[in-house]
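Each chain carries a letter (A, B, C and D) given by its place in the written order, and its residues are counted from 1.
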Amino acid sequence: MTDVLESPTRSTDAEGVEVVLGPNQYGKAENHVVRIARDTARHEIRDVTVTSQLRGDLEKVHTEGDNAHCVATDTQKNTVFGFAQTEGITSPENLLLALSDHFTSEYDWIDGGRWAAEEHAWERINDHDHCFVRSKQEKRTAVLVTDGDTQTMISGFYDLTVLKSTQSGFEGYPKGRFTTLKETTDRIMSTDIAVRWRVNRTDLDFDAVYESVKGIILATFTDHYSKALQETLHLMGRAVIAAHPEIDEIKFSCPNKHHFVYDLGFAGIENNLETHYAADRPFGLIEATLQRKGAPTAEDAWMGINGFC
Amino acid sequence: MTDVLESPTRSTDAEGVEVVLGPNQYGKAENHVVRIARDTARHEIRDVTVTSQLRGDLEKVHTEGDNAHCVATDTQKNTVFGFAQTEGITSPENLLLALSDHFTSEYDWIDGGRWAAEEHAWERINDHDHCFVRSKQEKRTAVLVTDGDTQTMISGFYDLTVLKSTQSGFEGYPKGRFTTLKETTDRIMSTDIAVRWRVNRTDLDFDAVYESVKGIILATFTDHYSKALQETLHLMGRAVIAAHPEIDEIKFSCPNKHHFVYDLGFAGIENNLETHYAADRPFGLIEATLQRKGAPTAEDAWMGINGFC
Amino acid sequence: MTDVLESPTRSTDAEGVEVVLGPNQYGKAENHVVRIARDTARHEIRDVTVTSQLRGDLEKVHTEGDNAHCVATDTQKNTVFGFAQTEGITSPENLLLALSDHFTSEYDWIDGGRWAAEEHAWERINDHDHCFVRSKQEKRTAVLVTDGDTQTMISGFYDLTVLKSTQSGFEGYPKGRFTTLKETTDRIMSTDIAVRWRVNRTDLDFDAVYESVKGIILATFTDHYSKALQETLHLMGRAVIAAHPEIDEIKFSCPNKHHFVYDLGFAGIENNLETHYAADRPFGLIEATLQRKGAPTAEDAWMGINGFC
Amino acid sequence: MTDVLESPTRSTDAEGVEVVLGPNQYGKAENHVVRIARDTARHEIRDVTVTSQLRGDLEKVHTEGDNAHCVATDTQKNTVFGFAQTEGITSPENLLLALSDHFTSEYDWIDGGRWAAEEHAWERINDHDHCFVRSKQEKRTAVLVTDGDTQTMISGFYDLTVLKSTQSGFEGYPKGRFTTLKETTDRIMSTDIAVRWRVNRTDLDFDAVYESVKGIILATFTDHYSKALQETLHLMGRAVIAAHPEIDEIKFSCPNKHHFVYDLGFAGIENNLETHYAADRPFGLIEATLQRKGAPTAEDAWMGINGFC
């Protein structure tokens, strides 16, 4: 993004202050596309919400309201639906790649952009050919950031809610004036997993990678006594990178959803870690990144994603 | 509720207007209880949000701020957690029954109330003993309204999202000045099923009833060409009442979630019912009740439930 | 609604169970209409979300999928926008009245329905002629239920969040096994006011009534030491009915939004009712009705409204 | 953040893959603090939701579950409430500064972090001493990122909804295969303004800056014919930077909330830009940055903020 600063548009306001246009993008957000493959009686469904945003030589749109370079957001919408039809939706990632290629090749002044998708999963009702029910365990995400010849693809999901009812503790933390927490070796641990992983190539079976990563994360969640949510995320991330050479980086942003044992001593009722109050706020919030050693990073591509440091 | 009007508290304001207290209730809402059964290494989890509201001789609380009859909402909260511990949560319905019995027997002046629960379902991760993942297909609900010796139990769920990609049409409707819709014999039909059923006894395996009703509704969704969402709801409701003698009434409140075929003719692209735009608002909204012939109704118990006529 | 049961459609299923169609309605929900009056340079804006649902002889739609009586929800949508244009939006209530009159007079078999609106308020930016900013203090609501010749209009609002930082207490409540709450004569009281009032005529300046009722409720909130939220709601409701002869009934559904004094004694810090933790859930929930003595009630019209007993 | 990669923890998994810990932070999110200043009968209220997250030498927490450096999130919560009490809340920004100073000075291994606040505004009811009503026009935000000796403060707000009913158009954009939009010189323009500004010093009256920036943005919205939302954002940003030497950078992320003129020609009704359908999705999305020429940037501090490129 630094090149924006190197060749700025100079806007001189009344007081002589010079203001330059920095990073910017624009487009159409949340195009909700449902694509039915109906070549045979056994229909297939893909359901995605797609956002398209363009970057490039767009300064005059901002500084003069000159729209000669402003590919209308309405046009971007039509294109999203058009490509969903002509290309199909083999994966959210592949649709984003097709859109990026189209926009950057079609318009000279568009040299990049950001395309994002969220997929809503469906499963068949009783293995029916054309009747489906939404499975809502988690939301699948994909973000593609294109900057000239560089493409950064980040897959992921969020809102996968997991809980272990034992084999989690928290001990050994610093004690001080503001510490009131008691140590424990047996507590509920629960979180909504939000995770994104950056791949180092795009000729992938993205659906297969997705299922594998989700499976590894769930399996890792179950396989250890957790001394801290940080440790659990670290184990998850390591396992994913170890199993997937095409993944160079994985980030987690996970609440620690507190479940407090409800003390019923006032009523003479024993509660042996059975009845809990599930609190809403405040909540712990743990964010961590795991990276393949030696692999290049791509920090710019993570901009604008809520809650990933 | 009419007895409230027959023995009103008379409040005479400055202008001589007489105002009477009508239907009222109060309590603690959305107590989020997570109960772990850990008698063996294979834990069981029930996760419910419970609301408790009391009714009875509460006029002086309103008219004088005299709290002698006002069982504190904080006390109701403690009781919810206490009963979750001592009774366990064998079903949302059974917990509500225990709470109703407790409050109406414990306090002379409390002769009824409304107790409601929403259950959040979990399933095991890889059949693990103590690790779970939330399944979010739908939210299970239960409402118990007690009025003296009468108890009305209404089970249900909402937000079960289904879609059929063919075998749905809409024809034969009246045409007039404000009609622009075209008839069709092939469209996507999709809805978020919200449904509630009233049972005529409470000595039930509520979990088994729940699974059966959900299964019947899903199966019925798949088994016919739908001429209108109304017809589909009717078929669902009939099938449920026919299969469940303990259910006297079932109500649906279901959006018609429009999926419009995206016309790509402007770009010379054919779209044969494949690529759709999934609209948010406005949406169709269909509400219908099916009742067992001859069974008594219980309209008061349905008050306060959003979207059920 | 009982007449539905008196002349039922008899559906005999395979097992000989007879199922009858009970209360039902259908239509188009949440038509978001923004109407600009631009006769002069000083524009006026009304912004409403309108739901239209019809009732009447609709049994064959349900039982046979025969749509001859099914005024399409799409047609209802067109009508909402059409009437917004031809009638203007002088108030949400007046738009609903026009829609009700239209549908029940246009179609023989439609003898009633439910029309609802939510208004989003705007105010001028610096008294500008055509630039506005949304004021979001509360959401205004209106519901009109028509049943043959009977029309019931219920105005209201929700989500008006108020707080008093003193002059509220809670004492004198019953103490028992599950009581842990301490009495207090000084606490924060805060709620999101949801209120609905039923008027006994429709030839009203609904905007003026609205502003007056809101003003009375806010003023009453400030004018007394509150011994219970119930008492405060009662005072509000009495004041409204006393001041408004056209209002026969008013219902409140109000959370008690708990603000707990945060005990900082562990750190040797005094906290004299200054620093509070604002909790989300659970929350108190108080629902109450005030009625003009001797006025008829209209319970059916309140069906389907969340949280009003 | 690159220094994390220079001195990584090396985790060697079974396959010999080396994984390093990248950017990470953790803490307690959404501590909802309501602070009443009650030194006199005229109370003052500040209502903020505060998130505290720490950064530093935290690798062993992740790699070994060793919590010796893990200042408990519960301790962070206690500290937030403690400082709200001892320091008061003179502004969200000042509370964040106090928290940052505390944590980085109290713990050797904590050399930075991210503190964020959202403020909920209240206004007096009829100028009352201790009764308030929430004004919800917009949500105020503040983020402080500390990295060793460098502090970056970003103030802002979101969800300020504005609309101009004329003096907006869109013309001159490229036309192509996927273009169906018609040019216009008169349309509604509406957006929910989300804006963040980065200041270059922290010895500020943050409340005064806030009010001024909001005022400039609203006034600028009204003062021109808008040729594109991009142009309007640019004018707003320029005006803010020109008026505020303490602001080096300002970013906008604003939807173009489409209001489509509802064509009623099918019913023979003229609609001269009066009745509009307000669409939900998809929506335009315009993001832009304005920077003071020559001022340093601080891209890392913007990480994790949704929707700001």
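Going forward, contacts are C-beta pairs under 8 Å (C-beta built on N, C-alpha and C of every residue); 3 or more make two chains touch, one makes a residue touch a chain.
Predicted, not measured: the structure shown is a model, and the values here were computed from it.
Peer 1: Any chance you could name the chains that touch chain A and chain B both?
Peer 2: C, D
Peer 1: Which chain's mean C-alpha position is the greatest distance from chain C's?
Peer 2: Checked the centroid distances; the maximum from chain C is A.
Peer 1: Report, in whole Å, the distance between the mean C-alpha point of chain C and the mean C-alpha point of chain D.
Peer 2: 32
Peer 1: Please tell me the distance, in whole Å, between the geometric centres of chain A and chain C computed from their C-alpha atoms.
Peer 2: 37
Peer 1: Report the inter-chain centroid distance for chain A and chain D in whole angstrom, where each centroid is the mean of the CA atoms.
Peer 2: 19
Peer 1: In chain D, what residues contact two or more other chains?
Peer 2: Within chain D, residues 31-32, 78, 82, 178, 180, 266-267, 280-281 contact more than one other chain.
Peer 1: Name, in rising order, each residue of chain A that touches chain C in their complex.
Peer 2: So the residues of chain A in touch with chain C come to 177-178, 180, 266-268, 280-281.
Peer 1: Which of the residues in chain A come into contact with chain B in the complex?
Peer 2: Within the complex, chain A contacts chain B at residues 31-38, 43, 45, 47, 78, 81-82, 84-86, 122, 125-126, 128, 130-137, 160-167, 188, 218-219, 221-222, 259, 262, 264, 266-267, 269-280.
Peer 1: Could you please specify the touching residues of chain B with respect to chain C in the complex?
Peer 2: It is residues 1-2, 5, 8, 10-11, 13-15, 17-32, 49, 51, 53, 55, 58, 61-75, 77-79, 82, 106-107, 114, 170-174, 176, 178-181, 226-228, 230-231, 233-234, 237-239, 241-242, 249, 251, 255-256, 281-294, 297, 299-300, 302-309 of chain B that touch chain C.
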